[in-house]
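Look for subunit A in each of the two complexes below; its partner is subunit B in the first and subunit C in the second.
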Partner chain A sequence: MTDLFQYVPGNSPLHRMNPVTKIFLTLCICVAAFLTDNLFFLLFLLAFDLLIGVVAGAARKAFTIFRGLVKVSLFLFVLQALFVRRGNRLFWIITDEGLLTAASVVLRLLVVCLPLALVLTVTQVSDIANAMVQVLHVPYAYAFTLTTAIRFIPQFMEEMSGIMEAQTARGVEFDSKNFVKKLGMLLPLCTPLLISSVRRTGATATAAEVRGFDLRTRTSGYKRYGFGLIDLAALIVSAALIAGAVLIS
Partner chain B sequence: MIELQSLTFRYAGSDRDALSDLTLTIPDGAFVGVIGPAGAGKTTFAHCLSGIVPHAVRGDFYGAVRVDGMDTADTRLTDLSRLVGTVFQDVESQIISSVVEDELLYGLENFGVPREEIEERLAFALEEVGIAPLRHRSIASLSGGQRQKVAIASLVALRPRILVLDEPTGELDPSSSRQIFSLLRRLNREYGMTVVVVEQKIMLLCEFAERLLVLSEGRVARDGSVREVLGDIEGLEAIGVNCPRSARFSALLGEKTGREIPVCVNAEEAVEAARRVIG
Partner chain C sequence: MIRAEHVSYSYHGAAQTVRDLSFHIEKGEFTAILGENGAGKTTAVKLIDGLLLPTSGRMLVNGLDTPKTRVSERARQVGYLFQNPDRQICKNTVREEIAFGLRAVWGKGEEEKINARTDELLDLFSFRGDEEPFSLSRGQRQQVALASTLAVKPAVLLLDEPTTGLDYRECTRIMEFIRALNEDEGTTVVMVCHDMEIVLDYARRALVMAGGALIGDGPVKEIFRDPALMERASLLPPQIVQIASSLGGEFARADDAETLSSMVARAAERRTV
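Right, the complex of A and B next:
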């Protein structure tokens, strides 16, 4: 789960693209997905997402995420198909419109989630934050919130498994097969996890303060984020996607 | 220069003073080792020097701490931190970034170090702490010891005038610990950096520090040069501080032979003392 959000180093065109452009492209894909109702265009967007994964040199990862999402999607598809009551009945309680709605909802989910996950594969979170501060003039405190949140994910995981090991050592059977029983055992974990996290957050805030958090300005960043031809290309593609979505639907 | 004047601190909700009535001076360019049993107030002491107490910790603060004449209670933590760099005991909470390079850059960027100087400082800190190959690694993938080195390197890169370290070798193996202390000595001698290091490994302190400060129950129990402090082994053991074996050896040698044996702070000196006794 954690490695889904993990950066994979590389030198693909997508790695070299300005982080702001990458975010913009991602957002355009999302907007395009919501502008259109055309299933074929959604399929085209999905193919485009997977192509991005291939270009980024993260084809395997893109397909892993895709497979994971498909599982969730199947569940969502069945629910949608069962609950949409409009249209002509095809069989049992399933209607044609229900199937169509279900298909477009599921496709949209796939189209939107894939690039969001891929952005984090080809961009360091710190680069996203720094570029947002430098290029988009986002206040640093917001950017800091984003980077810290992402930085804390693996740490929470570590802490969680630490607490679980400590409790396992004292006889708590986390390997129980009974789902309800397991859930009951997981709940008492929340308190120590919450307490240690809150304490750690305070300490991290102090650590940031003693290293000049308050002095940071828009131009403090050492790395510079310029725009190149590749960014221009991405902008054109973004515009084309939006235009396509508007025209086709 | 750091001056402590009748410094007393009690954590909010505690019924005893963590530090009581500390008065001492640490001159510029000193290399001070702080030692004492658990609960002696070592970490609180380190936090007082860097201004984290009283700025970020709640409690009752009496007396004064002055760093270069600035009263820490009246000076912003940000302004203090330009002067005093701190390496925390809890490495995890000190690390802010996800990548080693970014962690080192963080303070450099914020304090406005000129761009052309940054690369040189980065390379120096990474090289001297021994983590140059880890530069582009994600911090989540590092071991505890490696993370500790990253935390130290991020402060070394800043080159503060005063460096306070709270058990900086807690997760390090013996050879890395020595490497860190050698670096501290170099920063102390070449850059005139004042180094205050809280440490449990007394052997290292005795070898590298010039002055030892022994804390016990929030008070200064001993304060003097390494040799002076190690002169009273029984007193130290009563406080709960183990002495290096070389010091115990020289004391025992003096006791058995009835001769005046100088305190030995390392194995070489002990060998030399034994050789002189044997004749």
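Right, the complex of A and C next:
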């Protein structure tokens, strides 16, 4: 689970694409998903997401993320279907509009989350930061904050599983099959997790300072991030997705 | 007390981290698991605790097969002190921290008993109950973690590099507590440790691991006097054993009480004669 958001080296067109283009394409997919209510178009966007995973050579990872998201989505689907009361009643308290809303919410969640996870699979976090600074003129401190947050996700998850392991070993019933009971036990975990995160933040800040963090400017990066044909193609696809979403909705 | 029968384990279908591990640890033994990084020591200890379940073979603790008992239930019998105390500590005061483990194992209805035991441990470790664990030093936090592990009086104590990052005084204090438990209360201790001096001072038996397999098992001193085994495990014996081996003859089999200074004095005396 901890390696889900980690970079997978490769030479696919998506690996070669400018990191800024990748972020732009991802954002366009998200915007398109929110512009449309058409379930078929949302399904098309989902298929497009999975296709991106296949093209990036990370099909297995894309489907693993997809499977994980489907579990959350099912929970969300049930909640939406139960609480949206508009439309004609089909059975019990379930309405046709409730089901349609639930389906579109769930599909949106899948469409939006998948490319965000995939972009980290095909782009090194340092490249995202450097490209943001060079191309978008984002101050390095902000780019660093963003990428550090992303970089810490796997470490955070590893720390969480280590803490749960340690608490289980001292008798806290995390190995219980009762989900509600387990949920209540998560609260004491917040303290060690918060403390370790704050400590790590302090250590990271010190490490950055001693390596000349403040001296870094837009021109400090050695690697250049140019735009090529592949980026142009991605921009056209992005525009087409937005246009498609507007026209179809 | 602890019996491993051809235990193997691999993480998520990867190559086996632990291969065909078989050993038997009797009640009251003080055993060290030695080996270089990646040898499978921590995995072996987690297999004993049941945090990991064998992919093949059987791991029995007190006659119970680990997959058949939940780890949280086994916490009544098996205590586990992790290398990083901050993963164990989760309460705002030392008193609450010690009581937390007791409540998890003994249940919330035993408040009187829990308070009495907490007071006992606060006295033993000379802690103030209202101290904030996270404001203590690394060594003191490790002692808090040890105190809450010992609170339930486990029959087996598993220690995963308990002295890492501690200074000599803190390290000695922790190890003396553990020695007292082992000698006075008969607690079975299994310790993963990279400090060979500590192993020599406190453990009586050593299991040596390399590449996930058990390559040596015997009394600590005999293990340290086996240069071929030490080399296979990429380990260096403690200095005193190295000096004794270099001096050769009667020194190579120096007895338990031999210290570096007494050994040097004896060597000088022999030279004079």
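Just so we're on the same page, the second predicted complex is superposed on the first by the 199 of 249 C-alpha atoms of A that agree within 3 Å, B and C clash if a C-alpha of one lies under 4 Å from a C-alpha of the other, contacts with A are read in each partner's own complex, and residues count from 1 in each chain.
Just so we're on the same page, contacts are C-beta pairs under 8 Å (C-beta built on N, C-alpha and C of every residue); 3 or more make two chains touch, one makes a residue touch a chain.
Treat the numbers as computed from the prediction; the structure is a model and nothing was measured.
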| item | value |
| --- | --- |
| Partner chain(s) touched by A:D96 [first = subunit B, second = subunit C, both, neither] | neither |
| Touched partner set for A:R216, first subunit B, second subunit C, both or neither | first |
| Subunit B versus subunit C as contact partner of A:L189, first or second or both or neither | second |
| Greater residue coverage of subunit A in the superposed arrangement, subunit B or subunit C | B |
| Touching partner for A:P154 - first (subunit B), second (subunit C), both, neither | first |
| Partner chain in contact with A:A169 - subunit B first, subunit C second, else both or neither | second |
| Subunit B and subunit C footprints on subunit A, overlapping residues | none |
| Subunit A to subunit C touching residues, read off their complex | 159, 162-163, 165-176, 188-189, 191-192, 195-196, 199 |
| Touching residues on subunit A, where the partner in the complex is subunit B | 2, 6-7, 9, 124-126, 147-148, 150-151, 154-155, 200, 202-216, 220-222 |
| List of subunit C residues in touch with subunit A within their complex | 46, 49, 51, 70-72, 75-76, 78-80, 82, 84, 86-92, 100-101, 104-105, 134, 148-149, 152 |
| Residue numbers on subunit B that touch subunit A, as the complex places them | 50-52, 56, 76-78, 80-82, 85-86, 88, 90, 92-99, 102, 105-112, 115, 118, 136, 138-140, 154, 158 |
